[in-house]
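In the two assemblies presented below, chain A is common to both, partnered first by chain B and then by chain C.
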Partner chain A sequence: MSVTIRSEGSMFSAYRFIPRSSLYVLAGLAVLGAVIAFTVKDKFYLHVLIMMLFYASISSAWNIVGGFAGQLSLGHAAFFGIGAYTSTLLFINLGVSPWIGMVIGGALATLVAGAIGYPSFRLRGPFFTLVTIAFAEVLRILTLYAHDFTKGSIGISVPFRPAVGNFIFRQVSAYVYVALAFLAITVLVSLWIENSRLGYYLAAIREDEDAAQALGIDAARYKLVAVLISGFLTALGGTFYAQYIFYIEPFQTFSLDFSVLLAMMAIIGGLGTVWGPVAGAFLVTPLQELLQAQLGGELQGLHLVVYGTVLIVVVILLPQGIIPSIAAWGKRTFGQREARPAASPKGDA
Partner chain B sequence: MILQAENVTKFFGGLAALKGVSFGIEEGEILGLIGPNGAGKTTLFNVLSGFFRPDQGRVVFADETVSHLKAPQRCRIGLVRTFQVVKPFGNLTVLQNVMVGSFLRTADPGLARERALEAMELVGLSGRRDTAAKSLTISDRKRLEVARALATRPRLLLLDEVMAGLNPTELVQMLDLLKRIRGQGVTLLVIEHIMAAIMTISERLLVLHHGEKIAEGAPRDVAGDKRVVEAYLGEEYLLA
Partner chain C sequence: MGAILAQVAVSGILLGGVYALISIGLTLIFGVLRVINFAHGEFLMIAMYASFWLFSLYGVDPYGSIVLVVALLFVVGLIVQFLVIRPILKASASMQIAATVGLSTLLQNLALVTMTANYRSVNTPLSKAVISAGPLLLGVSRLVAFLVALAITGLLFLFLQRTYLGKAIRCTAQDRTAALLMGINIDRVYLLTFAIGSALVGVAGALLMPLYPVFPTVGTYFVLAAFVVVVLGGLGNLTGALLGGFIIGLVEAFSGFYVPELKEAVYFVVFIIVLLIRPTGLFGVVGAEEVGLK
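For the complex of A and B:
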């Protein structure tokens, strides 16, 4: 029996194991999104579509650490805000293209993710969650405090100077294409992780950390890798948001509500599955936007009541999330091979 | 000697769970570890596999002191354990569970899959490939625990009561499996309460009582040892 410690084979060959069906779904979404962007002229519906794609992307990014690794983050607004503020400040003050600023913001968010993950993943329990919340709060307060630099609570407006290099487009539809590309990146990264050693290890850590350690998995290290990737991708979303909305301010950008929303979408759609966050975002975002548009002017807060009721009903009917429920139904009906099992939100065995 | 424990001592507060335990395992042998409940068997496993750090003494594996290494690092050099209370990755399929083990020696999912299937074949889990681990029977869970550990390609495998809760047929299969694993060149340290099983399979027995080693040697000699009979086996066993 050989005791080679060196790994054989290539980790990159994981792409061969990505299910074809997932790639077809992704291609189908891209085509559908592009067709809608091309034909629909109503700015509101395009806006809803963009927000759907946007939330699907960052909820997918959240899912890498929150779902795959099972480490609940309630402070992803920190990474989001770092992305938004970095690219915007670089653009306004130094004229750096937001495309480049986006990558720099991503790198900064990765550093912060490391600072959060490195100490807290050594411990078990709620420490990681608490540290993520604290970091987002601290960043919000720092942004307010450094108002000479960040304009504090007044927020920053992104000047409307349309150019591809400025990441600013006259056509709303252009943002659909960018959002589609962003979603494609996060979903492809998720698919690759899911089918590679990293994905198996994260699932093992999520299911039983002791058993994972006994099989040679350095749990702290792999959880750290997950949060680094997740933080980077989330920061990219921050830049996109700033370039699309043209305005960022600390209360919204670093808000706990936003972090919770990302987690909620992934949980509703199916925690730890590739398509769960996408399904969750596609359900929740239009609901939120349409209810706000339709009922927002009526009774104060009525749209939130309806919104909350719908979410409660979904969670009661589909406690495992949308995607695992569909997969289980498909298995019962067509007797197919078992779909990849999802993490249970309760973490039971 | 593939593994040596030297004067291993472990305290939980004021209680000494292990008191100066020393022993060695030869490469390729099956060593049985017995003793009454609370004797410190599982604590010894935890110390050997890196889940606990000994308060005194050291653990030497393949001529290297490993006392400072954590569990994942010990697994990487071939010192692997299973758990008495099996810990399947419940929401993963059997194949995925075993692949987590085989990924230790390769990052290639294709290769990991192949090796996982081999390990599943060996323990007799091939028919359960796509079953979620949480819906396995206890006997299959025990096999899964062994298959996962085997897939990491261990040199020394620490098995914690893999035969508990099995019916007589499953017990015979498990004994046969352990012999086949040894046949592949893996050394085994086995905790077991079922005396008939441990007597037939072990070359040597090690007996713990109140955290101390009270006997070590050939199964026949150990079973006749007065202290062992008093502490663990009971008078009836001698008469039987």
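For the complex of A and C:
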């Protein structure tokens, strides 16, 4: 038992960084997801659930750079594609387990993130965004070009060889658990960043980079740390996608639209907040999957018409995003109710 | 070999004229409003569809439809400025980008839903015509696009230099507050600048219709090139956009000749290098992106 006291000490330090209420939300989500995965047998609903968790995870990963550091990247498809292609090529050509390939892909994406981030973070606003788009486009074109290696625009199919070690499961519900674990990791990392020194530095840089510099914050360094973490986590999502969809090709995995989608979810939910991207993904993904399933090829793109409209409306009317707006509304309404009796001289006693 | 290289160079310059025309609207809007319109390519797409339908429904030649398409895009610009751009002028750069990216997604997929993903092109007697100048062959449509691009840029310069509105636009680009103090109606300048920038891409759309097929994502292809051009020339710099257009046209023509599969990668790499080494563009004076129109 003396060992548990020590571990309680380390728990305490984690608790210092991560607010307990958020952990409850996370645990609640995990339980809910697991219960759904256990009870729901309909493959379509499980698929929607998996996509919700998947997008929530990657949008959270994007949010570390796009939200916390305030650098609007539209090139995250590059990291995603690196993750997907690395683990898949290693699996198909060398038989390396995608679990290991996922970590290698993550490491590779981290390297690329550093190579992109280090020079580009000198640029601000639209210039930074444009250079991230250009990097992702170059990677897409190179992937197409190296068709002997990547099969170019034909794409790669992942062979269906179910085994835990192969990261391929016969039961769809297994993917729910993996996606849940992935979401838990990205949310925990986000929570840790938000409440750590790094998070405060990033917030300062986001609000006013010059002022942050003047206070002695090495802006370039912390932005770089943010993009390294973000790139790694996004690449993990790439492997998950390849293992779940069983097919990757350059136009989809490296597409600007995919990068835009990640940013869109985070902005709709609440840029730079831990739960914003999760809420954004949970709101947007079911719509996408339902419309695609209902209309099929008939009105392809209709969900994106809705997304685009929602994004514009949110930016104009709720620029902070949905989650912070709800939080502010809650504080206003419920805060006043609590404050009134206390402030009034004649209490109800 | 010399003749082939000359031919490649000429094609590049002609192509550059088209890029310049698309980019001038983008750079004008940025110079004055300080907003990068990520939906600029979708405006081009709208212009091309308008030109296409005018041709196939009413038999209007794309060159004849220029006036109508320009008027349409001017109105589109007015509406978009009023509904989308005006409310976000004071927002952060991230939010401005998000709003115009949202607009781009909206318009692109609206086109996909209403027009389907089919490639549509027009066939006019002129679209395939070629004239020879010595050893060189010049596509008539390309030549027209190039000459009109030059003429429009010239007219735009005259407009900005000589007219009251043009002076007001330049003044606003240089210093918003000072312009306001001089009694310039900034809101109106923004509205008209955005509409003029959109109308310019309308010209480009009508000129491109005989050359390229139109499809919902056609804008993405051209707008990425236009971003490269605009940054290369210095954001907000009109002459820079013209020269940048020619440079990118040449880069694309020559890389298409030597490394066809990596054609686009080459100009993106040029773009990245320019951004990292000289973010104000090749011809931009340092700090030009703060000063605005040159």
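Heads up, the rule we're going with is that the second predicted complex is superposed on the first by the 293 of 349 C-alpha atoms of A that agree within 3 Å, B and C clash if a C-alpha of one lies under 4 Å from a C-alpha of the other, contacts with A are read in each partner's own complex, and residues count from 1 in each chain.
Keep in mind that, in the parts below, contacts are C-beta pairs under 8 Å (C-beta built on N, C-alpha and C of every residue); 3 or more make two chains touch, one makes a residue touch a chain.
Keep in mind that what you see is a predicted model, and the values were worked out from it rather than measured.
Of the two partner chains placed around the shared chain by superposition, chain C is the only one that A:V138 touches, whereas chain B remains out of contact.
Once the two complexes are overlaid on the shared chain, A:A115 sits clear of chain B and of chain C alike. Contacts of A:D218 after superposition on the shared chain: chain B is touched, whereas chain C is not.
After overlaying the two complexes on the shared chain, residue contacts for A:D208 are found with chain B alone; chain C is out of touch.
When the shared chain is aligned, chain B comes close enough to touch A:Y200, but chain C does not.
In the superposed pair of complexes, A:L32 makes contact with neither chain B nor chain C. Applying the stated touch rule to the two superposed structures, the chain B and chain C interfaces on chain A have no residue in common. Per the touch definition, chain B reaches chain A in the complex via residues 49, 51, 70-73, 75-78, 80-83, 87-93, 96, 99-101, 103-112, 130-132, 134, 148-149, 152-153, 155, 184-186. Residues of chain A touching chain B in their complex: 1-5, 7-11, 13-14, 16-17, 195-197, 200-201, 203-204, 207-208, 210-219, 337-338, 341-344, 348-349.
In the complex of the two chains, the chain A residues touching chain C come out as 66, 70, 72, 74, 119-120, 122-127, 129-131, 133-135, 137-138, 141-142, 144-145, 256-257, 260, 263-264, 267, 271, 299-302, 304-305, 307-312, 315-316, 319.
Residues 36, 84, 87-88, 91-99, 101-110, 112-113, 117, 216, 220, 224, 227-228, 231, 261-262, 264-265, 268-269, 271-272, 275-276, 279 of chain C touch chain A in their complex.
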